[in-house]
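Look for chain A in each of the two complexes below; its partner is chain B in the first and chain C in the second.
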Partner chain A sequence: MFFIRIVRHLWFHLALVFLLSIICTALSWASPDARAFLKESEQRHRTRTQQYAGELTVVNKDGKVRKKGWKSFREGYAGDARNLIRFVDPPEVKGVGFLSLAKPGGQNPDQWLYLPSMKRERRIAAQDRDSSFVGTDFSYEDMEEFDHEKYKVALQGEQTFESFPCYVIEAVPLEKKGKSVYGKLILYLRKDNLYLLREDLYRKGEKEPGKRMILSDLQQIGGHWVARKMEMTDLKKGSKTTVLLKEIVFDKPQPVSRFTLQNLNREGGE
Partner chain B sequence: MRFLLRTLSLSYVRRHLAKTILTLLGVVVGVATFSSIESAKETLVKGIRSTVDRVAGKAQLQITMEGGVPEGVQEQIRALPGIRATSPVIEQIVTPEKGELGSLMVIGIDLLGDREMRDYGFEGDDADLDDPLLFLAQPDSAIFTRQFSEKAGLKSGGSIALKVPKGVKKVTARGVLTPKGFAEAFGGNLMVVDVYAAQDLFGRGRRFDRIDVRLDEGTSIAQGTSVLEKALGPAYRVETPGKRGEQIEKIVANFVAGFNVSSGFALAIGIFLIFNAFNVAVNRRRRDIGTLRALGATPRQVQLLFLAEALVIGLAGGLLGTLAGTTFSQAFLKMMGQTSETLYGVTSSGVVRLPPVVVLQSMLLGIVASLIGAWGPALTASRISPTEAFAKGAFQARPPGNPAMRIIAGVATLGSAVLMAIKPPFGGNPFIFAELLLGGAGIMLLVGPLARLLLICLVPLVTRCAPVAGRLAGDTLLGNARRTSGTIMAMALSLTFVLGLGGYMGSTKKALERWMNDSLTCDLFVRASANFNRPDFLFPGGLRDELLQLPGVKSVESFRATRPLYQGHQIQVTSIEIAPLLERMKYDFTQGSVETMRRGLTMEGKCAVSDNFSRRFKLRVGQSVELATPEGKVSFQIAAVMRDYGSDQGTVLLDRSQFLRYWQDDRVDIYDVSVLPGTPVGQVRDLIRVMLSGRYPALVSTRQEFIAEISKAIDAFYALTRVTLFLALLVAFLGIVTALLISVAERTREIGILKALGALPAQLARGIVQEALLLALVGLVLALPAGNLFASFMEGPLAELFTGWIMPHLYPWDILVQLLVALPLISALAAWIPARQAGRMKIVEAIEYE
Partner chain C sequence: MIRNGSQLYILLLFLLLPLPVLAGEISGYVEAKGFAYAERWSGRDSRGLGWGTLFTKWEEKLGETQLSASLRGEGITSGENGALDFDPADRKLRRSPVSVRDLWLRIPLNTTHDLQLGRFQLGWGKTDGYSPADAFLPRDLTDPFADEKLPLWALRLNGYGGTLRYEVVAAPVTTPWRLPPLGSRNAPLKVDALPAGTVFNEVESSPPGIGFAAVRLLSSFGDWELGGWGRAGVRPAPLLNFRVDQMTATSAGFSLPVERRYAMEEAAGIELSRIIGSWIVRGEGAALFSRDRDLGNALIGAVSVEKSFGDGTFLVTLAGNAISPPVDSAQLFDRAILPVIITAWNRTEEWGEWKLVWSAGLKHGDGMFKGEAGYNLSDTWKLTLGGELPYGSEEGAIGALQTARRVSVALRRSW
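So, the complex of A and B:
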């Protein structure tokens, strides 16, 4: 009798363990990992290089418009990106350059701004990361490539944005080796191609997003998805900055010297 | 008391309105001088402090270094624990081409990250710069305050021409600041530019004037200071903005403190006027006093009556003086601001708002001065017995105390003042106070008896020249010893002040001129800054080679001056190529020689120091001066001590090689250029101007021009002192008018009798003019030795105390000649109103008088 009771008890526990493992597996199938989506997204959209001509439009809350033109060159992607922007239009700002070099281990990238009138670069300090990038609604931190490894990510659910079903992911800066001006980011990743369509940016200590970036007009160029329109809105100030991407070229080999301070300081150096 | 004031005092005022007004005027002038100088001084100092505070914004600490903070320091300190933000700053004062807009403070800041430090209240709908990229990309970009934009008629995109070191430069307004917080600094005359554009505009090289630091929450000022000092070393100063403001305030305070002496003198002379007026009032109202005493009034009540009158005059004079002071203070502020900018490179801009403390002090001074002036006469009045009061003439004829005792006491106090000046038993402000007190008391005690003695000698001489008028004048002056001595006292005090201060100014100027002639011996001076004490621009060191290449140039020396703190005093550390300098310069050595200086500075890494440095810090040849350099603290042994008037706090001179070695800064303030014999200096100057044109400031002066410019700066320093000298003379003039008016009023009956006996109005007028001339002459004769003593005190012990310099004494003959010409004219002018009054007197009314 005693033996039967022990066997029964054992069977009961085994069944329980089995049941729990089935539930867990089912749950894990039903709720995919946010990190995995972001990794997959990075893998899909990573290109060796990218270059384009950008049309920058800043519209303030009263509708006053300022337009600029730039050329952008990028090598690498996300955590290993190196980026050079050179303003080409209007003539008064022609030659102004911006260089951002990603650093390993979750550190903030090194950034410099070059002003031809001074014939010298100036380094963007950590304290300046929240400052507006040359009067746009992008900050110097926004000019960095998004690298999911610098964030603690969690899937918040799914939502339709601009008629596209999206994964909604919360990304909280880890700040292991570099501080962020943001408390969290909410990313909207299009489900079908895992392309980022929207990003809500929350400053530290704030419950409402301070800024919103929307990427639209998605096209496939050279086998890569790319949003031809980037729109950053300052929800507090009511101003909006739009960048239209033209003459987009992917994977064109870039000269080794392009992403250097020497090149940045070369007036008109691309 | 109220009844007595209403009946007795008011009726006296009504009867003698002109005299009362003159007495009041004495207080008004004294208080107005004090209040205007004090208000201007307070506004200047407060403005400087407020500008420092406002410009500092949220910065808790500021890092400075003589010669500027190298750019690399910002990177060095950014990662230090407890540092939240850092921001470089360049500050400069410039003048718009339209001079009427006033000086403009230019602040160069890094607009990329400066919002952590300062709140920019930009005007406009988007509350920001119109186009930040355009602002950064165009080096002519500037932001102005709304206040200044409106004043200059500037709109966004509009431009304004400014006088900057490189010449006249147009800047474009690309933003407007609302007048609050930061934008209120320097009275709103503020212009913000990019710090890197400012570096180029003002020749700062790769340096900033300072770095502002904001600390993390939880990091205390002490912790932050300690971390920064440890990381940067002794050459850097890490201070709170408040401390820095105090330091600047201290520098300017030394300059403005001199004006306290002037306002003190003006008030002291005012006291004598009051003394004189009350003295006469007591004399004239002796019958009233007698009646009061006969009716049972106690001596204390009589004394209180006169003191109450003085209180009313003090209150009214204080109030009117304060109001009058506000009208002059703006002009004083402008002069003080210009001088402090020329001398110390710091100034403030703003409108004088009468500080409540100054109002209170001025009112109190008016009251105290009146009470002091009236105290003696009130006491005398209280001691008048009824019988004496009704005996006409007894009081007037009574000599003032025992002259022998006064002379002995006067000689003793004056003698001790002289002895103390020769061998001071203690130093600092107590010494100055004791000296002025003893000297002043000595002079006051001696003036009365000596004036009488002089008059006794002079009257027969004057009578011989003008028998009627001379006798009338002599009798009047000798007949009323008290009034005469009071007037002469005020006169002598004014002239002592004029001769003493004027003499000091003359001696200082002569000494500086001699020094300039001996030391400024090259043919051309190529300067980077118009301001002698604030480097608005610095030349690169490499320019020397370019200058040497020019045809006709024999030699070029690179002069550089920095102003570090040494034992809490801002001294001057200068450097130049010593060997060629000694070939052409004549130093006046007090210790060491040309040879010890040449060998010490060029071969042994020693320094030379100025005589005032040696005296101030008690350092001699063989001892060492420890200076904080970017390389750490370095000791320089003193090789020679020479006379040098480069800095009132002391100068340390180094060979340029030493400066380059320890300071690692090759920039230059002035290039001293000597031309080849036979080469026209003008020709070389033109070549230098062409070479510098469009690249650097082209301030090229010949030796004569350079000396003239320095002399102009010295004159600017003394401009305000001259104004106070004029005020002193004005008070003396008032004193003569008051004394003569009183004299005429007192002698109404006598004048009536003289007229009845056939005296002509012209004879009476001549008598009054002679009286005025005698008063002025006796005052001047007494002021000659007193002024000389005062000048010697200022040139010697006082100058040594503040600057370490002992100025060689020179008698102010030029001022004496000016006084000998001006005084008779002033005295005759002062006698005009009383003389007219005497001439118009009706015989019957005059005889019936009293």
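So, the complex of A and C:
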């Protein structure tokens, strides 16, 4: 009898735990947390390093096409990312370098541009970050890795984009330690793999998005999802910059000096 | 006329031979430029000028070592064009139609230290428009409005540790400033008590064999960037020696020999920049010491503020020398325009870019408006229109160039 009482007691507790976990799961699905999705997304897609060769096509509103090429190197991810971009084409921008070093605590990253004609680097002020990045539709702020911790986020709902069910998340810059060009971002996160497919960028005080970034041609490379095509459209100017990512390599150890001003100033260097 | 022709050909062969052997990157451009001047300075100067340039650069990576070599060929339809000459350090009075612009190796000693040696260009200082750290480096004033910097034969060791960066440069050979023909519209020298029509006879001098050595330290602290530097050696800008005692009378007038000499100078400076709100503020200070009677000491300061507006940048630079030089500052070249305020506005457009610059000399009330617009015909073709309008007192170094007012058009094909 005593044994039966213990078994019943155990069953009762197990059933209670099971019931509670069902309730918790149901509750979490009933009110999904945008922050949790973004955290999960970062966790899934975080890589130690990434490098690729980018082929850029800039098309202005009149349809005039200009091509550029760069090599991009990244170490870290989101809030701890360090980026180096070196233009390889066309001749007028060849050798131009861009270095971005994330800073802790939600501060804007330190950014520098190296111009071969001047043989020295130039610092970029936070307020310059709305300027066009070397004649593309990306601004200096757009060149930063998205770090959800710098935003107040809220789930707005679900939508299908390019036939993929997506979570739609609103992200408003907290601006605790650094100003943003944008008043808010609307992110479209693919439900099945939590990969960012679309980003609508609203400048401050504007009700319509000023820019739209679309990531497509998702492939798995080295066990990581990556969009091989990035399109940034300036909806006001009517121009579009497309970046095709080639020679993508993940988690390759980067030289110690890659993300330094010393290296940025190396003429002909990477 | 080819002088030292065999050496020139050996040099060209040296530059061209590696091409088929190593698969380096080749880039370059060909450019045709035309100038129309508002007036003639003298019977020798025409109202139009043509300038053709062919530039090619070869870059090769040998493991972690970087090798760069570039060659420039050009033709100018005026007296600025020198003879085809072997002049590897740009030490001759006039520029040779063929010249080496780069020829250097950069060897990483380890992950944080590099050694660069050969012929290359330096870019120093923080302030734009005028930088005391950068101003002494040799310029080619053949086109007085172009601000063309000359490369140096030098050895450079640079590296970093933590937030501190350093740079040590030793230039064993002096590359002197190159001046336009003295007495031309690009260098209208005014020397008191000379009879009208005096022609300057420039004497080809041999600049000193030694150059200079310099050390530069830089560091970043949050929004601050701080730096300090020191240098000693030969100042590359010449001091002109008018040999009135050797002036001769000719059938066309008087001929005055002008010699050049080069002073020793020591200098130390500081540089800093800081982001303040939406502005970047940069400042430099330099103390220059010379025992030369015609050069004297100098205490030069420069402050610049820069702000971006969308794809445009607005820049104001104020620079001055607290010590009056013993001779007309126009003859000191690297500090000729001081004190000056330079205002520049440039902007990138979908079609290309433009810039406007206003330089105002604060001592003589002279100045210059400069404008340039570049239109990208394609990724490789570019059309540039420009103009320079010096004005004001001809006592000032900028106002003295009034007869060189001009407009220009350039067509460039890059690869």
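Just so it is clear, the second predicted complex is superposed on the first by the 242 of 270 C-alpha atoms of A that agree within 3 Å, B and C clash if a C-alpha of one lies under 4 Å from a C-alpha of the other, contacts with A are read in each partner's own complex, and residues count from 1 in each chain.
Criterion: contacts are C-beta pairs under 8 Å (C-beta built on N, C-alpha and C of every residue); 3 or more make two chains touch, one makes a residue touch a chain.
Note that the structure is predicted; figures quoted are calculated from it, not measured.
Q: I'd like to know which partner A:96 touches here: chain B for first, chain C for second, both or neither.
A: In the superposition, A:96 contacts chain B only.
Q: Identify the partner contact of A:113: answer first if only chain B is touched, second if only chain C is, both if each is, neither if none is.
A: Only chain B is touched by A:113; chain C is not.
Q: Once the structures are superposed on A, label A:135 by its partner contacts, choosing first (chain B), second (chain C), both or neither.
A: A:135 contacts both chain B and chain C.
Q: So, does A:43 touch the first partner chain B, the second partner chain C, both, or neither?
A: Neither partner.
Q: With the two structures laid over each other on chain A, which partner does A:216 touch: chain B (first), chain C (second), both, or neither?
A: After superposition on chain A, A:216 lies in contact with neither partner.
Q: Determine, under the contact definition given at the top, whether A:87 touches first (chain B), second (chain C), both, or neither.
A: The answer is first: A:87 touches chain B but not chain C.
Q: So, A:125: does it touch chain B (first), chain C (second), both, or neither?
A: After superposition on chain A, A:125 lies in contact with both partners, chain B and chain C.
Q: In the superposed arrangement, does A:67 touch chain B (first), chain C (second), both or neither?
A: The answer is second: A:67 touches chain C but not chain B.
Q: Can you list the residues of chain A that touch chain B in one structure and chain C in the other?
A: 60-61, 64, 66, 92, 118, 120, 123, 125-128, 131-132, 135, 237, 239
Q: Mind listing the chain A positions that touch chain C in their complex?
A: Result: residues 60-61, 64, 66-67, 90-92, 94, 110, 118-120, 123, 125-128, 130-132, 135, 237, 239, 255-257, 260-262, 266-269 of chain A touch chain C.
Q: Over in the complex, which chain C residues touch chain A? Could you list them?
A: Going by the criterion above, the answer is residues 27-29, 59, 61, 66, 68, 106, 111-112, 114, 120-125, 158-160, 165, 218, 220, 225, 273, 275, 277-280, 306-308, 310-311, 348, 350, 376, 378-380, 382, 414-415.
Q: Where on chain A does chain B make contact in their complex?
A: 60-62, 64, 66, 68, 87, 92-93, 95-96, 113, 115-118, 120, 122-128, 131-132, 134-135, 237, 239
Q: What does chain B use to touch chain A in their complex?
A: Per the touch definition, chain B meets chain A at residues 74-75, 78, 84-86, 110, 112-113, 115-116, 125-129, 131-134, 136-139, 196-197, 200.
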